[in-house]
Amino acid sequence: MFEHRKGLQFEVKVERPDPMLARQIQEVLGGQFGEMSVMMQYLFQGWNCRGEEKYKDMLMAIGTEEIGHVEMLCSLISQLLDGATPSAQDEAAKNPTMAAIMGGVNPQHLIVSGLGATPKDSNGVPWNAGYIIASGNLLADFRANLNAESQGRLQVARLYHMTSDEGVRKVFRKMLARDRYHQYQWMAAIKELEEKKGVVVPASFTPEDELEAQPHAYEFYNLEEGNGAKNGLWAEGMAPDGTGEFVFLDNPEPMGQAPKPAVPPTSLHNDIDMP
Amino acid sequence: MFEHRKGLQFEVKVERPDPMLARQIQEVLGGQFGEMSVMMQYLFQGWNCRGEEKYKDMLMAIGTEEIGHVEMLCSLISQLLDGATPSAQDEAAKNPTMAAIMGGVNPQHLIVSGLGATPKDSNGVPWNAGYIIASGNLLADFRANLNAESQGRLQVARLYHMTSDEGVRKVFRKMLARDRYHQYQWMAAIKELEEKKGVVVPASFTPEDELEAQPHAYEFYNLEEGNGAKNGLWAEGMAPDGTGEFVFLDNPEPMGQAPKPAVPPTSLHNDIDMP
Amino acid sequence: MFEHRKGLQFEVKVERPDPMLARQIQEVLGGQFGEMSVMMQYLFQGWNCRGEEKYKDMLMAIGTEEIGHVEMLCSLISQLLDGATPSAQDEAAKNPTMAAIMGGVNPQHLIVSGLGATPKDSNGVPWNAGYIIASGNLLADFRANLNAESQGRLQVARLYHMTSDEGVRKVFRKMLARDRYHQYQWMAAIKELEEKKGVVVPASFTPEDELEAQPHAYEFYNLEEGNGAKNGLWAEGMAPDGTGEFVFLDNPEPMGQAPKPAVPPTSLHNDIDMP
Amino acid sequence: MFEHRKGLQFEVKVERPDPMLARQIQEVLGGQFGEMSVMMQYLFQGWNCRGEEKYKDMLMAIGTEEIGHVEMLCSLISQLLDGATPSAQDEAAKNPTMAAIMGGVNPQHLIVSGLGATPKDSNGVPWNAGYIIASGNLLADFRANLNAESQGRLQVARLYHMTSDEGVRKVFRKMLARDRYHQYQWMAAIKELEEKKGVVVPASFTPEDELEAQPHAYEFYNLEEGNGAKNGLWAEGMAPDGTGEFVFLDNPEPMGQAPKPAVPPTSLHNDIDMP
Amino acid sequence: MFEHRKGLQFEVKVERPDPMLARQIQEVLGGQFGEMSVMMQYLFQGWNCRGEEKYKDMLMAIGTEEIGHVEMLCSLISQLLDGATPSAQDEAAKNPTMAAIMGGVNPQHLIVSGLGATPKDSNGVPWNAGYIIASGNLLADFRANLNAESQGRLQVARLYHMTSDEGVRKVFRKMLARDRYHQYQWMAAIKELEEKKGVVVPASFTPEDELEAQPHAYEFYNLEEGNGAKNGLWAEGMAPDGTGEFVFLDNPEPMGQAPKPAVPPTSLHNDIDMP
Amino acid sequence: MFEHRKGLQFEVKVERPDPMLARQIQEVLGGQFGEMSVMMQYLFQGWNCRGEEKYKDMLMAIGTEEIGHVEMLCSLISQLLDGATPSAQDEAAKNPTMAAIMGGVNPQHLIVSGLGATPKDSNGVPWNAGYIIASGNLLADFRANLNAESQGRLQVARLYHMTSDEGVRKVFRKMLARDRYHQYQWMAAIKELEEKKGVVVPASFTPEDELEAQPHAYEFYNLEEGNGAKNGLWAEGMAPDGTGEFVFLDNPEPMGQAPKPAVPPTSLHNDIDMP
């Protein structure tokens, strides 16, 4: 069960409205790696968590924090939209700067939400649950989380330069710091799990279980022209878990057959002749 | 530019058709973490790659390999569908086992693709590009890739137990080994980049750039009841990059205001009274 | 079966082209509450209607009218796009007003539809059937319809102010009047059904059927800080159907357990330790 | 900002696992009118709320409650999936009942989520934000909410009969009671707003503003064969707000022109001849 | 403007309910090439049609017919669902045949639509407007239409064998005949347009306009191993419009450079080193 | 299995950056008929191909070519984005031309992809597999392919006029020539198959199989007002395969009943009264 406090996690006070920026910030609210994604991803991971309870507690704490981040961004976007109106743009367009802004505004901020944030990205594509993951395997999922916080911080860092509004930038700095903490958090949690289980997901399907396929777990197939990819930690030396040595295969050949599928029954109406 | 070889990467020869399994395997072909996703993700990362060329070469090599994995799974699914027909199920349903299989089959394998694999997941949801990421920041993206290979191997490991068909299992073992290698590969590449730049993405937005917000980069906000999350590497000790010490905040208070948005102009027709 | 008349329901004659407005009007054609939505919603409700026939007749009449509204908007959008061309924008952009318009135009109106309306919203997101509902329960669905007409009229009212083109505004006034009628229509139909069955959907699952849970049907759980929500018709007095008195619960406590899910079998590879 | 309590809102304790039911219950978790929809709808309406504060407080309270409903359903689904395994179904299928269950199970509960709930509907379609609305006009939105609770309660009532598990039914009864309260709540709030503003949304675009189009706000266009729809409150008598009398138009004629769009410039390559 | 007649285009009378078949038939109602697609595709092509009027008239006639096909399929699906109930499936499942049917049923037919057809495909994926096309170029679009009718008739032909219900088959035969006519119709219309303009779309971008690139319009690039594709009308002889001779290029080499993109500015935070 | 060559198929060298054009070109990369669509469509048709092998070889060759087209467009878009930065647009906006460009740029090119192409259309809608088709019936699919190349060439032709950059136009001319070849290719392949099987898809469901419905395969139902559609090859004369004569039915009447669906069981809670 949840409870709501009236105050935002951090103060949000913009210097001046900027509807084009409002549209752009939608990306980190309702985009693939926006706050809605981390909120729903951590909550679902927490709700579905089985086993040792401290991970569930940790997931619920951060998932709950992220609901508040969505809230904070809604407030930021509302303030940036303050005062925008649908007033006759054909008139306004006689002023080119005005017209330009019109062109960059998300029309749904006026027509659909009445100056509210929308659960969509910077191009107006609705958020969908295909963005998130909760697999039941914590190591896999913490890697998903580290990725999400990396992509998220990167996007906020880029947005930071899109405005000179110090009020907006202050909110972004808070978000950048939190995203930094959350990167640390998942790194730390990953380290803990890798030390217990090993670095390969899932640990319970062991190299030995791969039987005759084991050697393929150390081969780089160079299907690229040249061999520029040879000089990397992935192409020479020991695998991170010390179970084998990497091999750089320069001209890999197909090991399988050329497929010859059967001709299907007439009731499928593929209209195929025997070759 | 690309070229195609006729042979599959690995041999694919199933022991017997199994249309229900064919449907389930669609998940690792056209699902969120199926082979279509890694194929498109690595290719787009490679095509968009700027800077040091060896990373681009590596991405193109693995992206090109993954096109072949999609190919291999299409062949596997075709074989599992071999011989399936749309013949009157109301008759067939008098045999309960037959009826049960009917119920578990993907109807589109009969009606839409005529016994071919579809670019969709195990529930028939079409693959979409919202699953993939290519951000221009290699460390961020390699983390996305490590996650993708972790989720992917996990799903194949689960599918492994759904069948006793040794031909299918042999293909899965190959995929499990390759997914293991690909996890190693991204770990190695991540290590290389972290050593160059540091562990936080993006490195070019430094802790110092966060100004007054810096301290928030070390705080765990315990918005969960109890303090079960206190005993983890994320809540005590030094941050992974040694820039600060973690703090566990037990009862965090809102630091921001309760928002009081302005009343919008009448032309928005929100019909709001002044409070 | 349907028949088509050549004339539009109302006259559509714009004063001058305006491609940016054309893009914005797409919202009320192919957006969540655009004419495509009410058209498909009423038709599906009509086609699926079982029971008393006058409701089916009414639904078919209005659904058929709405096909004509989609038609009318297509005509409106075509006229607003008249004369637009894909001619070299890099040249045109030397004129800032021209450039601004370019920026606000939907590129698909040029590249994809060749100056035709598209079945998409103002941001180019394709219409999808997840917007509509036909549940088989008429009272539930008429409430959906009253909502759709309310959202729809609101959006047209906002669009009204985006142009000073009297030809466009005349079409909008017709739509505003029809949306007003359609709000009346659903209110009237809702009243009729509520008088027959009661106000709670579905009526056939009665308060008594809720057994021990009945009291929870009158409680406001104040999970918000403060008690600002106390002064409303929802927090005090009798329920609308007179079956009970509302209770404002200020500090509601969880009534359920903290979940302790079982550890799943190894074949799921969740890699979970017993806690 | 939000906080999380460990206990569920209501107790969730199923009598026995039932993976097919788990799949079906996904509808009211991640479907169009599932708990994710009301949760996100109320939260966004609350966050975007401008004007009189008691409505915002009320929205935040119920939005916060709904997060807990998602949580409760996740717990319910987890319990129904307990013990399910991906063990060789080709073996299991020799037992027809077993096979049948296999066919009705959501494969993603095994392959993707490892026995966890997914943010998707009963057919595995991911939840998306196109389901929800927050328009800035409270009367419009409360009508959306009344609809959502009507559809939601209807779906739970139908699910109620799909199982004889008394533990599951107990949870459903709680949900049915809450959905009943929430219907009351929106009815009450709607009544309050209608009394202030009038019944037509938006009130600020008045009948007078519709100018010459006003009469069309009282006409039923009978585009359906016969006149079965004549005997309803929508076709005769006074409009709900007393501003006019309804008219039943039996054979409505088009009032607009047959459109004659201009031929576009050659650079659009429509390859059109002058007629 | 449109009008509705009460009678269906053809009689629909099934012999017995069959909810699994009802689910499968959804494919040709709300799938990629279902009746909703052709209905919306022809209507949008008609509404957007510019130039010679007989094509618009033809498109409107067939588009209007297709609305009636959606109607007919809704009626068919309703009848196949008649009598289905959500009654306790855990009880029913003791009968394996019953259980099997349960597993193959679309749960939304019970939970969401109350025995009505849904605007979705056979796997429950909502119809979306990304399926359809109206480009403004009639020859291009008539090719889209010929494809749609080909795919559509193929799917109905496959469905035909899924049932022995003579009532259902009778409806399918009507649809197969109409789809045959519609294939003729588009072939005839295509022939008419090709004779006027030539076979390449768009005709107004002529071979001469391609300048130095013209030769590439006759080359088959054999990027496949072997030369199995050499023996086809596409690899030897004259192009269909007689403008050139085909060339089979056996080992095509890249004609472009290996891309070397510039390193982006630091404000994008790609963290890239100069190579 | 596939291999990658470093060189692009054709040279890509733009004269100057143009981020607005970059956004527009996304349409032919990741839109409904962009290169991603033909790439995936041909590859899936090739992988699923059963029967005579030369068609499979041909599909694989062209599918492999199309991967290279996606690559080429990514390179083109990268170059057009070169040098774009997220630098404070509120400052830049003081220059109206600058502001205008800002408004027309895809914000995701800055925030999400860091100057890389995205797998999305010109409005930022992600590519999805609902765009493509591989039915198992080659004639049906080659018609889909002819349509795809027609729509694709049309879109490139329109884009051609949006820029005066000779470097970009040179790439487009290459694409226009290839799309012309690919139209020839599918025409030739269609001709070959039609000569073998006949023009109606699927050939294996013959006119005779349609039994009593046969006559309906020659009737034009004129559900449009007037008879403007009478003068076309589809309304008079012989069907393309000479099996019958077309009939123009001026005032077609419904041949089916007005549906009277049964009232469903109470457990569905439709709350329907017997009429």
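Quick notes on this structure:
As written, the chains take the letters A, B, C, D, E and F, and residue 1 is the first residue of each chain.
Basically, a residue touches a chain if its C-beta (ideal position, glycine included) is under 8 Å from a C-beta of that chain, and two chains touch if they have at least 3 such contacts.
What you see is a predicted model; the values in this text were computed from it and never measured.
Common neighbours of chain D and chain E, by the contact definition above: A, B, C, F. The best fit of Cα atoms from chain B onto chain D calls for a rotation angle of 120°, in steps of 5. Chain A and chain F, compared by their mean Cα positions, are separated by 29 Å.
For the pair chain E and chain F, the distance between mean C-alpha positions equals 10 Å.
In whole angstrom, the spacing between the mean C-alpha positions of chain A and chain E is 32. Annotation for chain B: residues touching 2 or more other chains are 1-9, 32, 48, 50, 53, 60-61, 64-65, 68, 75, 78, 85-87, 96-97, 99-100, 102-104, 110, 112, 114-115, 120, 123-126, 128, 130, 135-137, 139, 154, 157-158, 161, 201-202, 204-205, 223-224, 226, 254, 261-262, 264, 267-270.
The part of chain A that touches chain C in the complex is made up of residues 1-6, 48-53, 85-91, 93-94, 96-97, 99-100, 102-104, 106-108, 110-112, 114, 120, 123-126, 136-139, 196-197, 201-205. Against chain B, the residues of chain C that register as touching in their complex are 154, 157-158, 161, 267-269. The touching residues of chain A, counted against chain B in their complex, run 5-13, 32-33, 53-58, 60-62, 64-65, 68, 72, 75, 78-79, 82-83, 85-87, 110, 114-115, 125, 128, 130-131, 133, 135, 137, 139-140, 143-144, 146-147, 150-151, 153-154, 157, 160, 170, 173-174, 176-178, 180-181, 183-189, 191-192, 199-202, 204-205, 207, 209-224, 226-229, 231-234, 239-241, 246, 253-259, 261-262, 264-265, 267-270. Chain B meets chain D in the complex at residues 18, 20-21, 23-24, 27-28, 31-32, 96-97, 99-105, 121-125, 154-155, 158-159, 161-165, 223-226, 252, 254, 261-264, 266, 268-275.
Within the complex formed with chain A, the residues of chain D that make contact are 1-5, 7-9, 30, 36, 40, 43-44, 47-48, 50, 60-61, 63-65, 67-68, 70-71, 74-75, 78, 112-120, 126-130, 132, 134-137.
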